[in-house]
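Chain IDs A, B and C follow the sequence of writing; residue 1 opens each chain.
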Amino acid sequence: MVRTLTTVWMALFFILLTAGFGATAEAPVSEATSECLDCHSISHPGIVKDWRDSRHATRTPKQGLAVEKLARRVSSESIPENLQTTVVGCAECHTLRPDKHADTVEHNGYRVHVVVSPPDCATCHSTEAGQYAGNIMSHAHNNLAENKLYRQLETSIIGKSRIVGGRVEYQRPDALTQADACYYCHGTKLKVTGLEIRDTELAGELEFAVIEGWPNQGVGRINLDGSQGACSACHTRHTFSIEMARKPYTCKECHVGPDVPAFPVYAASKHGNIFSSLGQDWDFKAVPWTIGKDIGAPTCATCHISLLVNPDGEVITERTHQMNNRLSWRIYGLIYAHPHPLEPDTTIIRNNSGLPLPTDLDGGFASKYLIGKEEMQKRTAEMQSICLSCHSDSWVKGHWTKFENTIARTDAEIKTATEIMQSIWKDGLALGLAKNSNPFDEAIEKQWHLTWLFYANSIRFTSAMAGGGDYGVFAGGRYQLSLAIAGMSDWYRERKQPNVGK
Amino acid sequence: MVRTLTTVWMALFFILLTAGFGATAEAPVSEATSECLDCHSISHPGIVKDWRDSRHATRTPKQGLAVEKLARRVSSESIPENLQTTVVGCAECHTLRPDKHADTVEHNGYRVHVVVSPPDCATCHSTEAGQYAGNIMSHAHNNLAENKLYRQLETSIIGKSRIVGGRVEYQRPDALTQADACYYCHGTKLKVTGLEIRDTELAGELEFAVIEGWPNQGVGRINLDGSQGACSACHTRHTFSIEMARKPYTCKECHVGPDVPAFPVYAASKHGNIFSSLGQDWDFKAVPWTIGKDIGAPTCATCHISLLVNPDGEVITERTHQMNNRLSWRIYGLIYAHPHPLEPDTTIIRNNSGLPLPTDLDGGFASKYLIGKEEMQKRTAEMQSICLSCHSDSWVKGHWTKFENTIARTDAEIKTATEIMQSIWKDGLALGLAKNSNPFDEAIEKQWHLTWLFYANSIRFTSAMAGGGDYGVFAGGRYQLSLAIAGMSDWYRERKQPNVGK
Amino acid sequence: MVRTLTTVWMALFFILLTAGFGATAEAPVSEATSECLDCHSISHPGIVKDWRDSRHATRTPKQGLAVEKLARRVSSESIPENLQTTVVGCAECHTLRPDKHADTVEHNGYRVHVVVSPPDCATCHSTEAGQYAGNIMSHAHNNLAENKLYRQLETSIIGKSRIVGGRVEYQRPDALTQADACYYCHGTKLKVTGLEIRDTELAGELEFAVIEGWPNQGVGRINLDGSQGACSACHTRHTFSIEMARKPYTCKECHVGPDVPAFPVYAASKHGNIFSSLGQDWDFKAVPWTIGKDIGAPTCATCHISLLVNPDGEVITERTHQMNNRLSWRIYGLIYAHPHPLEPDTTIIRNNSGLPLPTDLDGGFASKYLIGKEEMQKRTAEMQSICLSCHSDSWVKGHWTKFENTIARTDAEIKTATEIMQSIWKDGLALGLAKNSNPFDEAIEKQWHLTWLFYANSIRFTSAMAGGGDYGVFAGGRYQLSLAIAGMSDWYRERKQPNVGK
């Protein structure tokens, strides 16, 4: 008898629980989106599920605007009336600004485009879109494609090899290889090349745009409205989950290799250990994110992007999608570490030799194009304000001193490697920039770029994240750096003085 | 007072909850299995816990047979009466077909064998066992052990080295090293070499078979009933958890290295990111698996094995344990990518030079032994039907075009590497196949197989999974491939023309 | 109406639930700790949250002492009265033994030190602190810093390179680089270099010790009371979570690189697969840890540290913080595998050549300093008692036979590599120990230490954990070992007989 009663209560309990969650399902869906769902919930159930799981499916922009400032996810001050009272569904995004998108087609009575761009998202999230336009990541396509030296590095890696006169020569890579390799992360340049009719199961013949460079979610994608960037690189369609964007796996998609080993270093750091061990109980959805309540250690987003408050609700740091607001040093991707560029468009940079590089070959800065000391200090202070939520002043200071020493030390090692390389070039044992040659494509030149493109980076990332010895030493760090420099030195000595040292 | 009442309700709530779970414990256990449990729950509590957590411990085959078709996990149309009404316990599997198993011994009144084989599992899961017999993985032992060229590659890697006349020579590896290395995944050949008496704590002196090659769960293990394969490679004893088999960590056991980096590539892909970030809330146990309901992104099993339905219960793709039903190209393990072999026994393949390889050294296919264009198209369509559950036609087509271009491009690069290798062989700077030599064992030959055994593979896996740039470029991809080819070219030029280029 | 009633019940249910958890919040906090919390919950909310989540914040030592033996986490027989009746808060640890700590300062009326040391923790956890003092890890700083050969290896990796006479030379690394690299894990030597006044937001001007080598949580840190070790290396401040210490991510912080790839090997092993796939449902907090109830596969801690019992509560193995109690062989870090050292201080070891190494260059043991056969057997039996909780005797025996064969085989391969190295030294093609040279710093010498410092280690770890083929073969295992030996052989032959083999 008692059991029966309990069963009744339990049943009620679960009904109510379910009802509680289900309530959001009553949020108003626009007629246009309803029509989309009619077909696509059958033909593409996966993405419809994603969307149904999303906040977009259960809140209207009007509700979003009513939220108090710090907890608000919608940053635009005003949102068009016609979008305010239905949830953000298929049609709300894919029919925005139809005249701007080259891939807009007539689709069951609607003018629909496939590729949603940051200016579309800016309808509700204008602050973030604006910040992201100032983020060097939004320029990732052009910064690579429009820099002659970087293009040469690209060619030396993903170009088509052939043997000419006993030597490897590289031709420019084809567009599909570029899209599959460098531009997967950097973003492709999309282009509508035509229209095609396809016979669909549910709606008969329909017209679609044929898009070169598609699919792609690279961070600096050139969109069909001419804009740069892809919000979906991190805010994965169609859940647009803040939980996902805040977890380090999202950053890992492009930051896992030895060129920029942010994820493996994080995962091996104390912070990553705490996340992996105890993170299952944290709150990754709370806005704002409260240190001392929601999480027990930072993820990538915590330090680089998120709005953080303390348990009293006081702001520790503001949200940013520019991302380098809290970064003084640029520690990877180029020959030497250097202060962050002033502008997200890095193609304008010239060093003292006129090369499109932020440093000279001896490490000197192209200072005109880089932030100054004051700005570096400001950004350092911003980052440290986060560290100081959990660490004492002496801890943070001690950490930073080590980090800046490591920047100086890795730069000194790279200078040793670069001097060997320059001697090799000078003695004509490799071509370098002579005769318009590609300075990155000979075997010994590849040994040289390994030292800075991989090893010095790994060491600095490890130091930056206080990430344990391994990635800074044995796992692509100082061990491999010292091995490569010793190898370059031997290579040079044996070819310069073939009878010495044998 | 209110608290006291609630406490009572809570207590009842939990009692009922526990009772609810516990109900399954009343499932009938056979007398034989009860006897097993008497000792083994004390002597081997870990595996008894595993079994108790398993579906095998809580359902009878009769119950399994009664389940409606799509949700059924038991594929045999008929199961012996004597096995139908008790749960699947220790004795049910370990006393099956005693005369067939060379390791069967008398054990407390029962004829028990240690190594359960696919034909044992086929008692209830005949369809899966049948499909798996057609899976190239079930031939993984013989395909390696019985191919002269592959054996030479094996010897060059795990053989015993010694210096003879200033050169490294390799002797065949010992059996224990083989079992610890290649055959850990490929599967050992088990053999009963004798019997031994052991004094056990709970049952006194007992007789056991001594089994060479044991323990092993490799996918192509040669069992003591002569059969091939080990279901436990993926369906880990003794939970046989479908949740586990569907998670990518299971595939990782053998697919994590640079020779076949499926797991690291997946984990860095968008799909892997979604799984890592949000998968904690998905249903990994549902049969059938419903896209648009149970999961938000595919795991390895989703694309390669599982029965998938859409939310209306319509089949998207049937379950398969042959695994290559959805694969047109074989993208790893050999010099060039090629269409999948027709037969799981690949020892029968001969290329135009009579070598047991599916391609010639210039990349031409041993077409007689490989699937044709029509079958490739059919398999491609089968795989794409899964993609299309979440992606538009243009997305899938765009992805596939990139993937097939990458296959062609990596093959072209490997052709460059192979031509250098052939020149080196021709000029006698390495022996290759001359004088019955091992073509894989000299340092420069190892540089060559790095290019296809590691780097081209990684690039193709990354492309196949749309897995981000890093594993296709910097993390063992195009970067390392171009470096290796440049290195081979330099090596050759300096030795062929020792005074050129210095 | 029914719903309303249920809502009331639900509310009560949750109130009680919360109250249940919250009850611990009433645990008595000392006045001193209350004062700490007044400021630090605002200035350092992150660590205060950590502590509030910890067992330390909710139990008094008196409660800890009252727990029955096997479940007790406090090992000291007696704890000072004044500490027994309040929870273990900030002040309880940071004001202990003030005269012993060189960093003790006057801080708001209390004598506070920053760096808590094992002797502080020993107040309640004396057994663990005692065991850890016998753990080779607690000597990790001195064992590296006070061994001339190891220091040379360190210099060859993290030293400052410069080109002198066409050759790379290394100067000793600076202290900050050491702290950022090797000593991040090994532990720094802390030293108070002065005092500084800082103006704090909440308490005005305060005095702090300036500590060289801080921050650091390396396992062999030399503390400011002269003690060795850091409990916080694994028991991360300020949760001191046993769950975290038992998860493999904690060990990963220092055991992830190719020099000691314990984590990647574990994660790719069957045990790691089970943990990754099903571990979310296990109990990582239970003391004692019950095999067959709490967990379905071992983590690092299970095999190396934890107190384990069977479901009847019988002890399978006792807790140990010495860690090598269950280890017969030392399989990494040095040229050959060898029995574990007798003493945690390894600086006293001398081989037959008088070098501070546990083996000769031909692999012979410095037996006087290493455990004997009997002790090896005892430790093996201790480890196997854990294996036997889930595996049969023949399984365990088969596994161990493979493992010991792999130790012998990797040592044989390293002997081949070392003989090539010795020939190179003998012929003067590299300096080795001649003229007081660093035997590790030339490019070819680095190729040599790669063979044992990386590859042989990885192979042995993989074998020890039955961890699949990849880390033992393709992912830094036998593949790379054979490649390196072939490369060394070619290097030597071409330089010794420059006209042979070209």
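By our rule, a residue touches a chain if its C-beta (ideal position, glycine included) is under 8 Å from a C-beta of that chain, and two chains touch if they have at least 3 such contacts.
For clarity, every value in this text was computed on a predicted model and none was experimentally measured.
Peer 1: For chain B versus chain C, which are copies of one sequence, does the interface use mostly the same residue numbers on each side, meaning over half shared, or is it different?
Peer 2: The interface of chain B with chain C is built from mostly unshared positions.
Peer 1: If I superpose chain A onto chain B using their CA atoms, what angle of rotation comes out, to the nearest 5 degrees?
Peer 2: With C-alpha atoms aligned, the rotation comes to 120 degrees.
Peer 1: So what's the Cα centroid distance for chain B and chain C, whole Å?
Peer 2: So the centre of chain B lies 33 Å away from the centre of chain C.
Peer 1: Would you pick out the residues of chain C that each touch at least 2 other chains?
Peer 2: Chain C, residues with two or more chain partners: 9, 13, 280.
Peer 1: Note which residues of chain C are touching chain B in the complex, please.
Peer 2: Residues in contact with chain B: 9, 12-13, 15-16, 267-270, 272-274, 276-278, 280, 291-293, 296, 310-312, 388-395, 398-399, 401-403, 405-406, 409, 412-413, 416, 419-420, 462-463, 466, 468-475, 477-479, 482-483, 485-487, 489-490, 492-493, 496-497, 500-502.
Peer 1: Under the stated contact criterion, what part of chain A meets chain B in this complex?
Peer 2: Listed in rising order, the residues of chain A that touch chain B are 2-3, 6-7, 9-10, 41-50, 53, 114, 156-163, 166-168, 170, 174, 176-177, 179-186, 198, 208-211, 214-215, 217, 236, 239, 241, 243-244, 247, 249-250, 252-254, 256-259, 280, 429, 441-444, 446, 450, 453-454, 495, 498.
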